[in-house]
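Listed after this line are the structures, all set down as structure tokens.
Next, two complexes with chain A in common: one pairs it with chain B, the other with chain C.
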Partner chain A sequence: MSTTEKWISWISQFTDQIIEHKADLNQLDSAIGDGDHGSNMDRGVKAVKEKIDQGDYEELTDLFKDIGMSLVSKVGGASGPLYGSAFISMAKASKETDDPSLLLEAGLDGITKRGKADPGEKTMVDVWHPVVDSLKKGTLAQSDIDEALESTKDMKATKGRASYLGDRSIGHIDPGAQSSAYLFSTLLEAGVLDD
Partner chain B sequence: MKKIINQPDHVVDEMLDGLAFAYDSIVKRIPDTTVIARHLKADKRVGLVSGGGSGHEPSHAGFVGKGMLSAAVAGQVFTSPTPDQILEGIKAADEGQGVFLIVKNYTGDVMNFDMAKELAELEDIDVDFIVVDDDIAVEDSTFTAGRRGVAGTVFMHKILGAAADSGATLEEIKALSERVNANVYSIGLALSPATNPEVGKPGFELDGDEIEFGIGIHGEPGYSRETLKPSKELAQEFVSKLKKEIDWNPEDRFALLVNGMGATPLMEQFVFTNDLKALLEGEEQLNLAFKKVGDYMTAIDMAGLSLTLLKIEEDSWIDYLNYPVDVIGW
Partner chain C sequence: MTKSTGILIVSHVKEIAEGLVQLLDQIAGDITIKTAGGTDDGEIGTSFDLISDTLESFEEDSVLCFYDLGSAKMNLEMAIETTDKEVELMRTALIEGAYTAASLLQADVQPKELNRQLEKLIIKE
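Now for the complex of A and B:
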């Protein structure tokens, strides 16, 4: 399989995960947000699928750009600009490299520039940050993703809509962290990191 | 869920078509977008664009027309519109004098409008914006996304709309918006939650006799849950919260907005307004120079209401509030 095909396979598996877990993501979001993270992401990944099914991608840059723009224009809310910025940053970085750890680090930069969240604020960054660290060390395993996801449970939200709950946000997994965990589990499964 | 809808994910699209059909003398839907724009164009005024998630009707499309907004951009229910749609709204509003965006302080709205601003600037349209944050229920704004933008946004639409129609420049509108935002305060309560049609069940739960003070317009939590009390006591709670925040003096001038959340009848809104009269004009001796009661910034079918007070710092604000408009919802 060529590099582009692996990444396409990743996005396609991520799409399936989101569609399968739409109701679960809505449920997590109902606890600390407004209950539509699954519906919004579902709309986004379906738009991504429609877009990339039509394309013939030789360059990662074109692939990531199409994914990012589809997410930005379909998801809405905060997740649209955040996931969209991640892929648009990855598109820019892919002009220089095809190393997954560097690409995803660029994705994380895109998210933090747009959302201005630091680790520990109970957001998707709390999964992205440790995952990118492990990726750079070359040690990313499913257990790292699970651990990062689980860590959001005991955090108090200080960014996004969940922040209005204050202490009441403690005890719930962050929905954006959960969708990000699907993103990285499928990254492992799709073999993007395999040589 | 019991709602007069077809497919839940078609609600926004069908609502916009219905609205544009019913009020075709005032507005039109820009084809293949979620933008509602006024017909009036090319009178060389600054364009005003607002928008946000759907479910707040008549906000925001209900305020599009002569003397108020140039265009409104609708997102999915309770979800910010996307940058490409906001850009279409900006283009529809542009009369060559720049476009001003009115954004409510929610994380998603701020990010999407900001991205749209960047896109518009690439097309050589001058864009500036205000992020309205009038909800005083959020006390600890350092540890949250900050105070939310709620019903006070409607006063912002009205005042800036009149200023733009009177020929104010983009810079003047930006400065005016900052002064208005610094003087507008809101607080709400809910008796029962809203059901987002795409989710299918209520966004939170309240016991039969329980109410929530400080609720947000998507059902974000407030500052306390208590047993339902008579209207007078609810009004007292709002007034004491606002008084602590505003630190007013007798004879100070205010504009008042009592806003229904969607499922609270006008009957109850007027009862509540009558209690506010006794407290604000009677006990506090405030000068209520402008008053509005009704559904302006709703939360689908949430039962409850909010109170907005705008401290009048300039005489022109009263003129702007009384300025004649041709819109659906004012």
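Now for the complex of A and C:
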């Protein structure tokens, strides 16, 4: 499989996961947000699928750019500009490298630049940050993703919609962290990291 | 276009944005005020495409943008990064800030003085 095909396979598996878990994501978001994370992501990944099904991608840059712009245009909630910025940053980085750890590190930079969240604020960054660390060490395993996701449960939200709840946000998994966990689980499953 | 600066209102809800314009029109008849409320398909949320297209549709080169919550700001920032217009992201309370700005623009108050008067209405990071 060529490099581009592996990344396309990843996005396609991520799309399936989001569609399958749409109701679960909405439910997580109902607890601490506005209840639409699953519906928003569902709309976004379907737009991504429609876009990349029409394309013939030889360059990662074009693939990531199309994914990013589709998410920015279609998601509707805060996840649109956040996931969108991740992929647009990955598109820029892919002009220099096809190393997954560097690409996803660029993705994380895109998210933090857009959302200004630091680790520990109960956001998607709390999954992205440790995952990118493990990726750079070459040790990423499903257990790292699970652990990062679970860690958001006891955090108090200080960024995003959940921050309006203050202490009441404690005890719930962050929905953006959950969708990010799907993103990285499927990254492992799609074999993007295999040589 | 009878004034050099326009106002853009971005809200998660179309009717909130449009309702605010009704209020502003009472006191700022010569200011171009446009809205980008809700998503492309009329749902609750904000749309980068709608914000970006609305921003480009201003005849004015300078636009003050007022917004409500989280994704409105991020989508606005992305739209601002891709336009040639001189756009200012206003971190004030939406209604109070837009109302004050509209009154001052109508009275030909200069940008520096306008920003000074809006300072006490800033509530967003």
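To be clear about the criterion, the second predicted complex is superposed on the first by the 195 of 195 C-alpha atoms of A that agree within 3 Å, B and C clash if a C-alpha of one lies under 4 Å from a C-alpha of the other, contacts with A are read in each partner's own complex, and residues count from 1 in each chain.
Assume a residue touches a chain if its C-beta (ideal position, glycine included) is under 8 Å from a C-beta of that chain, and two chains touch if they have at least 3 such contacts.
If you're wondering where the values come from, they're calculated on a predicted model, not measured in any experiment.
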Putting chain B and chain C on the same copy of chain A, do they fit or clash?
-> clash
Which of chain B and chain C A:Gly115 touches, first, second, both or neither | both
Determine, under the contact definition given at the top, whether A:Gly176 touches first (chain B), second (chain C), both, or neither.
-> neither
Which chain, chain B or chain C, is in touch with more residues of chain A?
-> B
Which holds for A:Ser30: it touches chain B only (first), chain C only (second), both, or neither?
-> first
Considering only the touch criterion stated at the top, classify A:Leu165 as touching first (chain B), second (chain C), both, or neither.
-> first
Can A:Pro100 be said to touch chain B (first), chain C (second), both, or neither?
-> neither
Using the touch definition from the top, say if A:Ala78 reaches chain B (first), chain C (second), both or neither.
-> both
Check whether A:Asn40 is in contact with chain B, with chain C, with both or with neither, and answer first, second, both or neither.
-> both
Looking at chain B, which part out of 2-10, 38-46, 236-244 or 308-316 clashes with chain C after superposition?
-> 38-46
Where on chain A do chain B and chain C both make contact?
-> 34, 36, 40, 72-74, 76-82, 114-115, 160-161
Residue positions on chain A within touch of chain C in the complex are 34, 36, 40, 72-74, 76-82, 84-85, 114-116, 160-161
Any idea which chain C residues touch chain A in the complex?
-> 39-40, 43-49, 69-71, 74-75, 77-78, 125
In the complex, the residues of chain B that touch chain A are 9, 53, 75-85, 106-108, 111-112, 115, 138, 140, 143-145, 148, 196, 198-199, 201, 203, 216, 218-221
Contact set on chain A toward chain B in their complex = 26, 30, 34-36, 39-40, 43, 72-82, 114-115, 156, 158-161, 163-166, 168
